[in-house]
Amino acid sequence: MFNKIKKFLLMPALIVGMLVFASYAHAEDSLATNIADMTSSINTIWVLVAAFLVFFMQAGFALVETGFTRAKNSVNIIMKNAMDFCFGSIAFYFIGYALMFGADKAGLIGTTGFMLSAAESTSSWHYTFWLFQCVFAATAATIVSGAMAERTRFSSYLVYSVLISAFLYPISGHWIWGTGGWLATAGFVDFAGSTAVHSVGGWVALMGAMMLGPRIGKYGKDGSSRVIAGHNIPMAALGVFILWFGWFGFNPGSTLSGMDLSIAHIAVTTNLSAAAGAISAMCFVWLKFGKPDLSMTMNGALAGLVGITAGCANVSPLSAIIIGTIAGILVVMSVEFIDKTLKIDDPVGAVSVHAVCGSFGTIAVGLFAQEGYGSGVKGLFFGGGLTQLITQIKGVVAVGAWAMVGGIIIFTILKKTIGLRVSAEEEIKGLDIEEHGMEAYAGFQVFMTE
Amino acid sequence: MKLIIALIQPHKLPDVKEALLEANIGKMTITNALGCGQQQGYTETYRGVIEEVHLLKKVRIEIAVNDDYVKPTLDAIIKGARTDNIGDGKIFVLDLVDCIRIRTGETGSDAIG
Amino acid sequence: MFNKIKKFLLMPALIVGMLVFASYAHAEDSLATNIADMTSSINTIWVLVAAFLVFFMQAGFALVETGFTRAKNSVNIIMKNAMDFCFGSIAFYFIGYALMFGADKAGLIGTTGFMLSAAESTSSWHYTFWLFQCVFAATAATIVSGAMAERTRFSSYLVYSVLISAFLYPISGHWIWGTGGWLATAGFVDFAGSTAVHSVGGWVALMGAMMLGPRIGKYGKDGSSRVIAGHNIPMAALGVFILWFGWFGFNPGSTLSGMDLSIAHIAVTTNLSAAAGAISAMCFVWLKFGKPDLSMTMNGALAGLVGITAGCANVSPLSAIIIGTIAGILVVMSVEFIDKTLKIDDPVGAVSVHAVCGSFGTIAVGLFAQEGYGSGVKGLFFGGGLTQLITQIKGVVAVGAWAMVGGIIIFTILKKTIGLRVSAEEEIKGLDIEEHGMEAYAGFQVFMTE
Amino acid sequence: MFNKIKKFLLMPALIVGMLVFASYAHAEDSLATNIADMTSSINTIWVLVAAFLVFFMQAGFALVETGFTRAKNSVNIIMKNAMDFCFGSIAFYFIGYALMFGADKAGLIGTTGFMLSAAESTSSWHYTFWLFQCVFAATAATIVSGAMAERTRFSSYLVYSVLISAFLYPISGHWIWGTGGWLATAGFVDFAGSTAVHSVGGWVALMGAMMLGPRIGKYGKDGSSRVIAGHNIPMAALGVFILWFGWFGFNPGSTLSGMDLSIAHIAVTTNLSAAAGAISAMCFVWLKFGKPDLSMTMNGALAGLVGITAGCANVSPLSAIIIGTIAGILVVMSVEFIDKTLKIDDPVGAVSVHAVCGSFGTIAVGLFAQEGYGSGVKGLFFGGGLTQLITQIKGVVAVGAWAMVGGIIIFTILKKTIGLRVSAEEEIKGLDIEEHGMEAYAGFQVFMTE
Amino acid sequence: MKLIIALIQPHKLPDVKEALLEANIGKMTITNALGCGQQQGYTETYRGVIEEVHLLKKVRIEIAVNDDYVKPTLDAIIKGARTDNIGDGKIFVLDLVDCIRIRTGETGSDAIG
Amino acid sequence: MKLIIALIQPHKLPDVKEALLEANIGKMTITNALGCGQQQGYTETYRGVIEEVHLLKKVRIEIAVNDDYVKPTLDAIIKGARTDNIGDGKIFVLDLVDCIRIRTGETGSDAIG
């Protein structure tokens, strides 16, 4: 910071100097350099701030998942959320980033830039870009912990989190966002990652929840679904607020440029879709089950956010409201379907929010994309015909298949080796005591009856 | 000596305490409890699953009294807790063999008050 | 994001291109364009970031109100806080924004720009401006839930929240901030909304709390005020920290320009006033009641923030400290007065913080405004005479009257139709179970004795 | 905000005007002015946003300290965290800032700029700089409350917090960051304050904890260390997430310039070191005690953050991972050493995290600093020989001695006058009831057995 | 009349409730408790300190029954709670002198059910 | 057999447990409770309202013992809990009709230990 002080004093000097200098001939060159510098600064600042916000989403996920599960597993779920970010960061540094954004091989995989080797100087754009991409990778990874909550072995989860951040996510990410990626080339639009991030996480989560089986007590002897209530709803709600806040980095930051003024438009569509999602989920649940259920409403807000993520730059505000509304209803139906029909136990609704609404949102680009917004792609409802829609569906299916197959392979190997699930006794006593040797709420009287 | 255990609606606790005080009974021990009885529970709707909750919040009051205080105590509890609605609660009376005040070592009736 | 990659690669090219281009004649034009672009970017980024921070204040309000009320109503109060933002966003999109910032009619109301129709392109400043104004509208709306906590019917609250965001707030907002608004024309200074936002919310809250009546058990048979303690003080305190954090968007963001270097000065006055408010409230409570009460101290910090909001740009740092100090004392006196004398039950002190300190803060501009700060207006203590002071008082009274009358009308209609208050039984059991069918802290043993 | 509207309307006009103007001769001068203005804006926005993030760290500290201590002292610890910021802000305004950044006297102390008197106009850089430095000062102050938790008299703590923000921190801060400070002149590198902020706080904390003595029940009759478990682990974890988030302001913001593109590199090293710290602490604890302890893992993340703070600009990402890894192990060893060998009771590990890892991090600059990063200093491992290392050690020792002596003096005076520790009865019943007359979790059944 | 107090493992509560219902016993009061018994505790490792925790979470059920219901109640509790592992719990039987239903004022056997 | 119920100050629990262990009594059940007695409460000041709180935190210990263990148990509790200050607490002794170990089905004195 000694340095800082120098700069701080130099600034006025600099300004004066500049003024003097500028009045001489050949000043244009220097001015142009200044402008280029400033453009870089503006972009760097914008994308960094966005990355910080996306980082903060980790806290949001941790709180939502903790709040919507039981007190006896709180330490465990928080450790999972914290450590998947830590392991993910390191894995993405050593391997993931290169696979995702390195020089393309056959449209399938990147091959250069391991350990940030592409960044030649400290002012390289690669640092900014890496951080932004790293927090994205961690988002995909962390989605899974919610669906696998309250029964997954901690060590297995750590291994999984390295694998998704190092390989699974970056490879499909390369298809979509890597230069030369086959879906990118095909014109697939997933602006901020409904598919690239959320549905990858969501589909892996589905595989995980399926292979684990439901929590003890989740289904009655007659197969009926039972309530396992979350233990700290205000905390979960705070998590949703934090996620929403973070999403203002996630979507508008995905311009990767602060000079791109559509960042404001993107923030607006993001906000409206989330609001619409919460409202429609709440109303739908109210009509269907008689009460406005908070946990579903919060899922609705997240559904709206995930749903608009692919098309946030390409659709009008009104379309954003429609997309959010549909996502809000979809998430409620999907939660019920997965819970009661498929009988897969997803404690926080991660699959419905991220996989289902992520896929829907990606397809919605093929329907609602409009000229004059974003890259100019046109969807079915705005004179674009079926072309874009088909591309979108292709991408959703391909990435979904990749994520599910990848998930099955990872979890099968883990099941056969370390073991995927804790023992029944451990599950009953709570993972906090058994896996971490501590309680989340020492001193509080918490009733544990299942 | 008797040990009186009363299970009442939580929100009637202030009234019961007041009625007891009026009857000159100021010592008691309170725990919170969950009760299952004639009173219907309520339905919980959580994430699309509807479930009947049968365990309702109750307050459990324990009062040790000398025999001549039993009747006033019961009357006071009833006075404070009764609303004529299902769920008002129950009172149980047990025989108390002995009572000791830790601070002084006093025993029996002397120790109760 | 495919797009992003392109941009990412284009940037170096751009820079090089720029340098080359700049060395030719007629380069000045292009440089000027670049500069204009950059100015727009800087403003957009600044105001967006500020808007994100103000959005996050929603979480702050939710936590403060939840923490300072009882556990049995936590789900309800959080739902109210979340849904007033959701409904508010949609209402402000369809109606509110146009009434507030559309073309003026008679100084009273805006008439154009419904559904963001004024934004012709995705790079329009309207998007940025809308988002910033939308989160402001939601702030006004959400203030009310605190004062009406623990007894208001949920459906009524939803209707109210649409009406305030669509009509009540935008209309008085137009007077103050709309081009041509009558208070704006009169020279009324309310830089970031002590009156426009906070006291509007606060006065409506007063009406709501009055019409609802106190919570069961709040006043003894002899009319004495009783303690109904908040159930989660750390959560409430976190809420205050989040609000303070968000206020750095609220006040400095209200320059609506990142090129306006007074943003730093505004951040400083905001911070100093908040600190002074907390200190003075704490000391005053300590002297008065013998103990440094956390809930009052937190109210003091908020009082300092609300108090400086009107004048943050127009007063010196030292004046900010004085304003905060007074606001901190005022809020304690006001809480006591409303609670013990008026016997209106405001569980979180919303009226005292937002209406009383908001009004005080607005009037304080007429006292402490100083040349060389902000718009250059002069207050009574700095040689400005009574002119500005009178204008300020006029505005406070006019907007206060509007908000109170509007509040009474809304709540009277709701009372007569859907009903404003839940049944006594519902209130005793808690709104969470009765209105939402769930508990906030499943598994925890929570004592509910009133 | 009337003003704002004007600006909002003026902007297009401005742009047009600019274009026209620019095409005339002598336009270069004006362009240069514009560029200087924009540079100022970019720097101001960046440093302000960073300051906001650092402010938010106050919430992080409050939550970590509250969560890792007992429920019965929650109100107290939150009050301490909130009020040290409030008193600190005011003290830094009146005194601290001038001592730290005023005109130098003998390399030891600053002497000008009390009450922001150096800022001549509202657009002065001093405002931005002051806010950033103020939240830094508050960070140093707030570290101490954790180590002294659950037994310190509230009024004493308030006095202490004024003294550290007004004198203790600014003076050593002047040595390091003040223009002309003797350590600055000697070439000491502490980019964002591992020593200037964290270890100052940490060493004072050590003195405080030592002079207070351990909490009742912390050591068994045989002197064995006993568990006093934290009461709200999810809250503590949220605190760590918030701190990590805030650190993205703390370190990258310390460039004090948004035009300095190394901000991205700094954010990356910060993130990698934190991740590595968490991982290494977790693994080390797992090996050593058989279970992955969440509280130590969280300390590990913080250790990584503190460790990289001095060198974040001067080391490569790979070195950052190594520094974080060492810090993570160091913090575990230090916690054990202080707890079991020194038998000093530091409830949250503040000394280990801030003093020990802060010192280590500062020394690490002398080992890992590399050409091409930051100021260009070279450490032992990168061809710099012992010179830098020795300077670093000198600084660590000097500042450590200053902070410890200062701490002893402050706490001795307090002990002799107001008294430093609450009575045993008060400690047993909890400071919340005795010092503040309220409980943190009214209604909850909290078991208090010690 | 007897007052039966059972201490069981928390996660066996649903089974015990079911077994009681089958035996037609639907009224009870539940509190949570910490138990110290033969069952080993678990070790807590917090910040490098390892400690044995001896107080284990238990559920405490109180049921007031008429004398002829004692046997079926005990059987039902055992049926629901028994796993043959240490820690299954204990049942205590106390004499109940009186029982009063607050709502109606009924006393004795009539008030129990 | 007797059922001993002791109400003590929460922070004396470790001492009482130690004293009991010394007396070879290792089985007990603990609940937290709120007590109203001779001990003065404390004043709460919340948002300008001052209120006396009368319900103080207590720990409730239940121990079932054979008759020859009653005296040592009482002595141990008193030893651990007594500070000679108001609020030290009370001990109640009830007759225990029966005791059953769920795991084995043992009853009576055998089941207690």
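For clarity, chains are labelled A, B, C, D, E and F in written order, and residue numbers in each chain start from 1.
As a convention for this text, a residue touches a chain if its C-beta (ideal position, glycine included) is under 8 Å from a C-beta of that chain, and two chains touch if they have at least 3 such contacts.
Small disclaimer: the values here were computed from a predicted structure and weren't measured.
Undergrad: Which chains make contact with subunit B and with subunit E at once?
TA: A, F
Undergrad: Count the touching C-beta pairs: is A-B or A-E ahead?
TA: A-B
Undergrad: Quick one: compare the interface residues of subunit C with those of subunit D and tell me same or different, with half as the dividing line.
TA: Interface between subunit C and subunit D is built from largely different residues.
Undergrad: Any idea how many Å lie between the Cα centroids of subunit D and subunit E?
TA: Distance between chain centres: 52 Å.
Undergrad: With chain centres defined as C-alpha means, what is the inter-centre distance between subunit E and subunit F in Å?
TA: The computed centroid separation for subunit E versus subunit F comes out at 18 Å.
Undergrad: Taking each chain's centre as the mean of its CA atoms, how far is subunit A from subunit C in angstrom?
TA: 30
Undergrad: Using mean C-alpha positions as chain centres, tell me how far subunit D is from subunit F in Å, no decimals.
TA: 46
Undergrad: Return the residues of subunit C touching two or more other chains; collapse runs of consecutive numbers into ranges.
TA: If we look for residues of subunit C contacting two or more partner chains, we find 28, 31, 35, 38, 40, 42, 45, 49, 125, 229-230, 232, 289-291, 293, 295, 437-439, 441, 444-445, 447-448.
Undergrad: Where in subunit E do residues touch two or more other chains at once?
TA: In subunit E, 31-32, 34, 44-46, 50, 94-95 touch at least two other chains.
Undergrad: Just spell out which pairs of chains touch, all of them.
TA: A-B, A-C, A-D, A-E, B-C, B-E, B-F, C-D, C-F, D-E, D-F, E-F
Undergrad: Would you pull the subunit A residues touching subunit C in the complex into a rising list?
TA: Per the touch definition, subunit A meets subunit C at residues 28-29, 31-33, 35-36, 38-40, 42-43, 45-46, 49, 53, 70-71, 101, 125, 129, 176-179, 184, 188-193, 196, 229-234, 237-238, 240-242, 244-245, 248-249, 252, 254-265, 267-268, 271-272, 274-276, 278-279, 282, 289-295, 297-298, 301, 313, 317-318, 321, 372-375, 441, 444-448.
Undergrad: Per the contact definition, I'd like the list of subunit A residues that touch subunit B in the complex.
TA: Within the complex, subunit A touches subunit B at residues 225-227, 229-230, 285, 288-291, 293, 295-296, 299, 332, 335-336, 339-340, 349, 447.
Undergrad: Which positions of subunit B touch subunit C when the two form their complex?
TA: Touching subunit C: residues 10-11, 13-14, 32, 42-46, 50, 57, 59 of subunit B.
Undergrad: Would you mind writing out the residues of subunit A in touch with subunit D in their complex?
TA: Subunit A reaches subunit D through residues 1-5, 7-9, 11, 14-15, 18-19, 21-23, 27-28, 31, 34-35, 37-38, 40-42, 44-45, 48-49, 51-52, 55-56, 58-59, 62-63, 66, 74-75, 78-79, 82-83, 85-87, 89-90, 93, 115-116, 119, 121-125, 127-128, 130-131, 134, 154, 232, 235, 435-445.
Undergrad: Give the list of subunit F residues in touch with subunit B in this complex.
TA: Per the touch definition, subunit F meets subunit B at residues 2, 5-8, 31-38, 55, 58, 60, 74, 77-78, 81-95.
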